[in-house]
Structures are given as structure tokens and as C-alpha cells.
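Presented sequentially are two complexes of chain A, the first with chain B as partner and the second with chain C.
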Partner chain A sequence: MSHDEGAPRATGFTVLTHEHGFHARPSILLTQLAKRFSAKVWIGLSDNGPWTDAKSVARVMALKAPRETLVFFAAEGSDAADAVSALVRLVQSDFASSKDQ
Partner chain B sequence: MSSSKATAYLRGISASPGLARGPLVRLEEGVRTGTRASASGPDEPTRLRSAIDAACAELTALMQRAGDADTEALLAFQVAMLQDLVVTEPAFTAIAARVPPEQAWLDAMELQIRQYDSADDLYIRARASDLRDMRDRVSRVLCGATITPVPAGSIVLAADLPPSRFLEMSWEGGGIALTGGSAHSHVAMLARARGVPMLIGLDPGILRVHGEALLDAENGMVITSPDAQTTADFVARQQTLRSGRLVAESHLALPAVTASGERVQVMINVADGAELGNLNPAWCDGVGLVRTELLLRDQHDLMDEAKQYEAYCRIARWAEGRPVTVRLLDAGADKPIAGYTVDAELNPFLGMRGVRLSLLHRQVLSTQLRALARAAALRPLQIMVPMVTSPDELDQVRQMLNGTVESLAKEGLDCARPALGMMVEVPAAALTCDLFEADFFSIGSNDLIQYVTACSRDSRPLAALHDPLQPAVLRIMREVVQYANAHGIPVSLCGDMAGDPRCVPALLEIGLRSLSVAPAALAGVKAAIARYRSEASEEGHSA
Partner chain C sequence: MNRNVGIVIVSHSPDVAKGAADMVRQMVGKDVPLAWCGGNPDGGLGTSVDAIEKALQTAWSDRGVVIMVDMGGAETNSEMAIERLPEKKRAKVVVCNAPIVEGSVMAATESSGGSPLEKVRHAAEELYPRM
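Then we have the complex of A and B:
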């Protein structure tokens, strides 16, 4: 995670409750959502990293985060705060909001 | 066909049941690296780029006729991976270093696949075959290769079958025989959903076999070069199986009635309500078991009365007035919840689980009781307590339930006092069911069998000992059913045994007239009930 002085930054975390952890569908939904923001977005399993590109489905799945782990988000860019809160909400909703679409 | 060859029986593991007869057809797999000895030129990255785009377009087209959400999700995974620069970038970097695109692509994909192959999680490991599928699709486009179609009615032989290839083929009458494969793979799910028989884990020697074969995914074997008699027997079994399925399907929408005209209640087991979408409530007599563990996944859910209330109301509304029985949180043993269940017990199945844990965590229990009593105001709902061993445990829950209803009324909230019954799954409770003040009984056969026989549910070598039809199990169940029937206490059975058509006659014979089964088992169980004529009625009430 590189720091660009001056760019807005945001962090947040939540518990991953999805039955299968970050399996294919949750990973796709997460990266699709992350890509909607212009900010750089990272995901990690601890508050001090290592940080992974949250816009890469391969990287997110490679985290192999099981159910009941804490996931941390960090973002940097003009819409960083929106990105983090949207991602936290997606995980907290158990990826449900997009389930029926 | 191959009368000169001897009939051979090859063992495999069934990943999707059924019978198929047809010629063995070897599926060509992977793609050999192109022999194009092309030096890297300015058009090479573009060739890979357009092959990836073309593969994405093919997959998107397949998605449109996938027909189910799971398959769409699987194809969406391949598309998402193809569109992920992390996945594709190494190939373009290699091309820039003069590696031919065919090889660069294979190398880049190998990096990804290796990570999945080495995963501990079965689900993640099964995704490796999706990645190979995606790799081969792009490679095929790169080499300009076309796929020879497999004739319908073939038994497809391969090391593994990619789900996207499955979707491209016509399976009428055909089957799948794999030397690798996994019952957890997506293609196994597809095969089960579409009724295509499939075996996995066959000896690789089968890949060299040609000619007519019989695929028996009921008994886990492929019979190659069958003689005339074996084939005739097989065809007869196919017909029986087919008509059995048709008969079962014809029973789905009808109430369950035995051959002697007795009505039997058939209810369904529900996990979190998501499975109710495609199910007509008129096909069942209610919900005999709501497993709340899937609704309550973590500490936050356990204390979230509003979320639970919504979930119970949703299921109750679906049932349209038919009774719904909700089981109190049955955590512990194979169903841990972080911060709630006890870790590192030496023998968790004999430890803190079900009501034993509920009585330790009164706040959690009280939250669930509040949500249930409020939902009961809306539609008929009853509460079932799991893992009850002594009458005192049920008494404690009843006192709490009464207290809950009182305080809800004081708060001015709509509520009703649901009936309070118990699971009969601990032998101590089964043997003394007359000592319990339960409004109803529901026999939990899965645990009862393992506790009566002292055999772990999932131990394969012990399968014969924990046979649900063995006399000790049936005798202890009959005691419970006879006591309940004699005293007008409703009694049902909600374990896997109820959903097994083979066990249905025995359950009816011990006097059960109410079963609760997985939604997928409804038709088969109703058909088994329709075939049943009680021994007593056959003997002209001599019993």
C-alpha cells in the first residue's frame, strides 16, 4: 500500500459471516463493487496488512479467508470513504443485497 | 458389440446417481501448445487479447442459457478471472520477453492453478478445474482449434470434465465417467441437477477402452464389453428406475396417503428459508424443522431479535397457515459458533450442545424465544428444544418461554405462546419420554442412531452398525411413538431416515404418521407412503 500524501484515505473492518468465506461469488461481488470506485482499494486480514488489491478477484480469493474472520479495508482516493463503507456494508449484508438480482 | 473382449467391471465413486448405456467416447483434453514457431511480433499480444475476449464472449453466451444461478455464478467466475489483470498480466509480460503467446498463456495460468490445487479447502480446490477449463478455452481459440461434438447418448470418458463443456453437450441418455473429478465439483452439481449419471475416481486404464459400456452410478461401476444377459438386465433396471422416478414425480403435488387409505403428514426441513423460493407450500403439510443454526451464524445474529423475527415470519408466511416448527439453536459438536460454543472438547458430540448450551447462554435463548413468540402471533408456530436429556431442561425452557410471553405482553407487543415440544434424540429421553411435559415429540433420528449404536454418523467402516433399520433403533423409536399415540401427543420424525424411501415402511409400521424430510425427498417419500399397506391390514387386523 503506497501512500499518496494529500489523497483522502479511509479504513474500516467487519466480520466475514458468509458460509463459505471468500469463495467465488462473494469475491466477484466484492471486486465488482470495488471497481466502481476510482479510489485504490485494499483488503487485508489484519489492520496492519499485508494488503491485497480488492479489485482483483484472483487476489481476493487467494486470501482464502474462512468464515468468521475479520476483514479490513483501506482505500485511498477522492471516494475512499464511500468505497470502504460500501464494501463493509456488502460483507455485513452477507452479500445478500445482490443475491436476488 | 465387442463380443471378443471379456466383460470388465471397473469401480468408481458415484457423484450423480442413475444408469446410462452407450458407447464410450474419449473427450480430447487440454490443448497441445501450438507448433507455430512464431517469433514475437507486434501482433502477438493482440492475438492473446482477442483470444481472451472471444473466450469471454463464449462464456457470456453460455451464461445466458445456464438456467440456474449456480452455473451462472461459475461462468461469471471464469469471466471475472479473464478480466482480472492480475491473472492475465504475467502472460503479456512474457510475450513482451518473446515467449510465444500459447506458451505464455499456459505458464501464466499454471501459476493460478497451482494455488488452487494446493488449497486445503475442498471448495477452493474444486475451482482448479474451472480454471483449467478457462485456460483450455483460451488456448483453443489461440490455436484456432475446433471441438468435435460428442454424439448424444455417449458415455463421456475424461480425466475431468469442465462445466462449460458439460453445458455445451446434449446429455439425453448419456453419462459421465471420470478418472479424476470430485463430488464437490461444479460439474457434479450440474450432473445431479440435470439427472445425468456420473462416476468419478475410475482407474485411468478406462481411458484406453472403446466400445459399448454400461454406467451404473447407483452401484459405482462401469461395465465394459457387457455380454447380452448383463445388458438385458441393465436395460430392465433402467426402465424400473425411470418409471420409479415418474411415479415419484406424480406424487409430489398430492397429499400422502398409504395404500390402505391412511393419511400421513409429510412436512419439510428448512435451513434458512432460501430454499423455499421454488417450492410450492401446497406440496407439504408444513415445516417440521427449521434449523436455526444457519440463520444465526455469529454472536451478532444471536442477539439480533429483529433479524430473527423477520426470518421466522418469512418462513411462516411462506407456509400459508400450515404449522411451522422451529428448533431452538442447536449449536455445538459439528456446528460451532465462535464465542458461543465450547472449544476443544474431547468428545463434542457428548458435550455442550443444543439445549445444554442454550441454558448456559440465557440472553441468547431469551432473544430467540422473544422473536419466536412474536412471530407466533402472526402464523401457527411451535418451538422444539434440541438435545433434551432430562425433564428439568425442558421445564427450564418452558419457564423462560412463559416469562418471555408475559414480558412481551407487558411491553404491549403482539405475541402468542407457541407450543413447546422436544427433540427425542438422546436415548435417556427416548426411554423416559413419559416423564417429560412436552406438547409434542420430534424424533431426531440422526443423533438417536449414533447414540444408540455408539457409532459415529460419518464413519464409513461402521455403516453396517449404524444402519437406521437395525432393531435396537426401531425398538426405541417404537416405544416413543406408541407412548405418544396412546396419550394423544403429536409425534414426528425429522432426521435423514424420514427422507429415505427404503426406511419409510418401517417408520409407518412402528406407528409414525408424520415425517419431516428435505424438500428434494418429498416426491420419493410420498411415493413410498403410497406403496405402503400396513402388516395389520394385510392380515385382516389379526394384530
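Then we have the complex of A and C:
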């Protein structure tokens, strides 16, 4: 994670409650949401990293985060705070839209 | 005009190609131009340049198209189908070196966020370095 001095930053975390952890569909939804923000967004399984690019679906899937894991988000850029709160909400909603199908 | 990069899935087996396309539609959604083809004209396993050419037209996007292939002839026939395109379009099509199912889903996810052709290709190939 490289820091751009002066850019707004935000962090947040939540518990991954999804039945199967970060399997394919949740990873895709998370990545798609992250891409809507201009901020750089990272995801990690501890508050000091290692940090993974949350906009890379291959890398998010490769995290293989199981259920009941703490998931941490960090973002940097003008909409960093919005990005982190949106991602936290997605995980807390148990990837709500994934149940639409 | 489609605003997202298109995906064409080419397998020797129509069932594999259709199955991979179903996974893209159900997991990623409908924001990505998508087409698939598989099997030879006699109904056996194989790939056909004509069918790939048609799939390229179906999934065409001015932002480009990535072709996902399974093995051997799927790649060479895809390259032949690309050569049939007008020169301006040729530069906008790439064949990805990635597993056909996982690569299709990852490429489509990247495309659905509006990424350009090179980023879509990179997403498909990211975890599978060229041999």
C-alpha cells in the first residue's frame, strides 16, 4: 500500500458472516462495488495488512477468507470514506444482492 | 455502442462454452457484451472460424473484445477469425492466456466496471503467468 501524502484516507472493518466466506460471487460483488469509487481501495485480513487491491477480483478471490473472519478495508482518495462505508455495508448485508437470484 | 469490453468464449465443446457463458451472466450480470461458440459444424468437438467470427460480431464493442479459449485449435482458429476482421477492428481484439471458465468470469468482472481492453485482459491473466 503506497501512500499519497495529503490524500483523504479511510479505514473500516467488519466480520464476514457470509455462509461460504469470500467465494466467487461475493468476491465479484465486492470488486464491482470497489470499482465504482475513484479512491484506491484495499482489503486485508488484519489491520496491518498484507493489503490486497480490492478492485482485483482474482486477488480478492485468492484471499479465500473463510466465514467469521474479520475483514479490513483501507482506501485513499477523494471518495475514500464513501468507499469504505459502502464496502463495510456490503459485507454486513451478507452481500444482499447475491440473494436476488 | 457498448460501453464495456466484450467477451467471446471459444471451447471445443459447446457445453463448456455455454456453461462458462452462463456463469458469466449469473455471477457478473448483463452489463458485458457476451457470446460463445463451440463444436465443429458436424456437431462434434472442435472449433470453427466462421462461428468465432459470428460470435465476435455478436459481442462486438468499440472498446474491444477479449477471446477466452480452451486449447490448441481454439486459439489458432480465433486468430484466423481476428484476421478476417477489418484492420481497424483487429487491433481491438485479444486472445487471453487464461483458464477458460475462471478467466471468463474475471475478465467479465473487470469489464463490468468499465475497464479498458488491456485491464480486462490483465484481470483474466493475472494469476496465471504465461508458460
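General remarks:
By definition in this document, the second predicted complex is superposed on the first by the 98 of 101 C-alpha atoms of A that agree within 3 Å, B and C clash if a C-alpha of one lies under 4 Å from a C-alpha of the other, contacts with A are read in each partner's own complex, and residues count from 1 in each chain.
Here is the rule we go by: a residue touches a chain if its C-beta (ideal position, glycine included) is under 8 Å from a C-beta of that chain, and two chains touch if they have at least 3 such contacts.
What you see is a predicted model; the values in this text were computed from it and never measured.
Touch criterion met: A:R36 reaches chain C, while chain B stays clear of it.
Applying the stated contact rule after C-alpha superposition, one finds that A:R67 touches chain B and leaves chain C untouched.
With both complexes placed on chain A, chain A has more residues touched by B than by the other of chain B and chain C.
Within the superposed three-chain model, A:V57 lies in touch with chain B and with chain C [touch as defined at top].
Using the contact criterion defined above for the overlaid structures, shared-chain residue A:T17 touches chain B, although it does not reach chain C.
In the superposed model, A:D47 makes contact with neither chain B nor chain C.
The intersection of chain A residues touching chain B with those touching chain C, taken from the two complexes, comprises 24-25, 28, 31-32, 56-59, 62.
Those residues of chain A that touch chain C in the shared complex are 24-25, 28, 31-32, 35-36, 55-59, 62, 101. For chain C in complex with chain A, the residues that touch the partner chain are 26-28, 105-106, 109-110, 112-115, 123, 126-127.
Taken together, the chain B residues at the contact with chain A in this complex read 73-74, 76-77, 80-81, 84-87, 112, 115, 119, 121, 123-124, 127, 294, 297-298, 300-301, 338. In the complex of the two chains, the chain A residues touching chain B come out as 15, 17, 19-21, 23-25, 27-28, 31-32, 53, 56-59, 61-62, 64, 66-68, 94.
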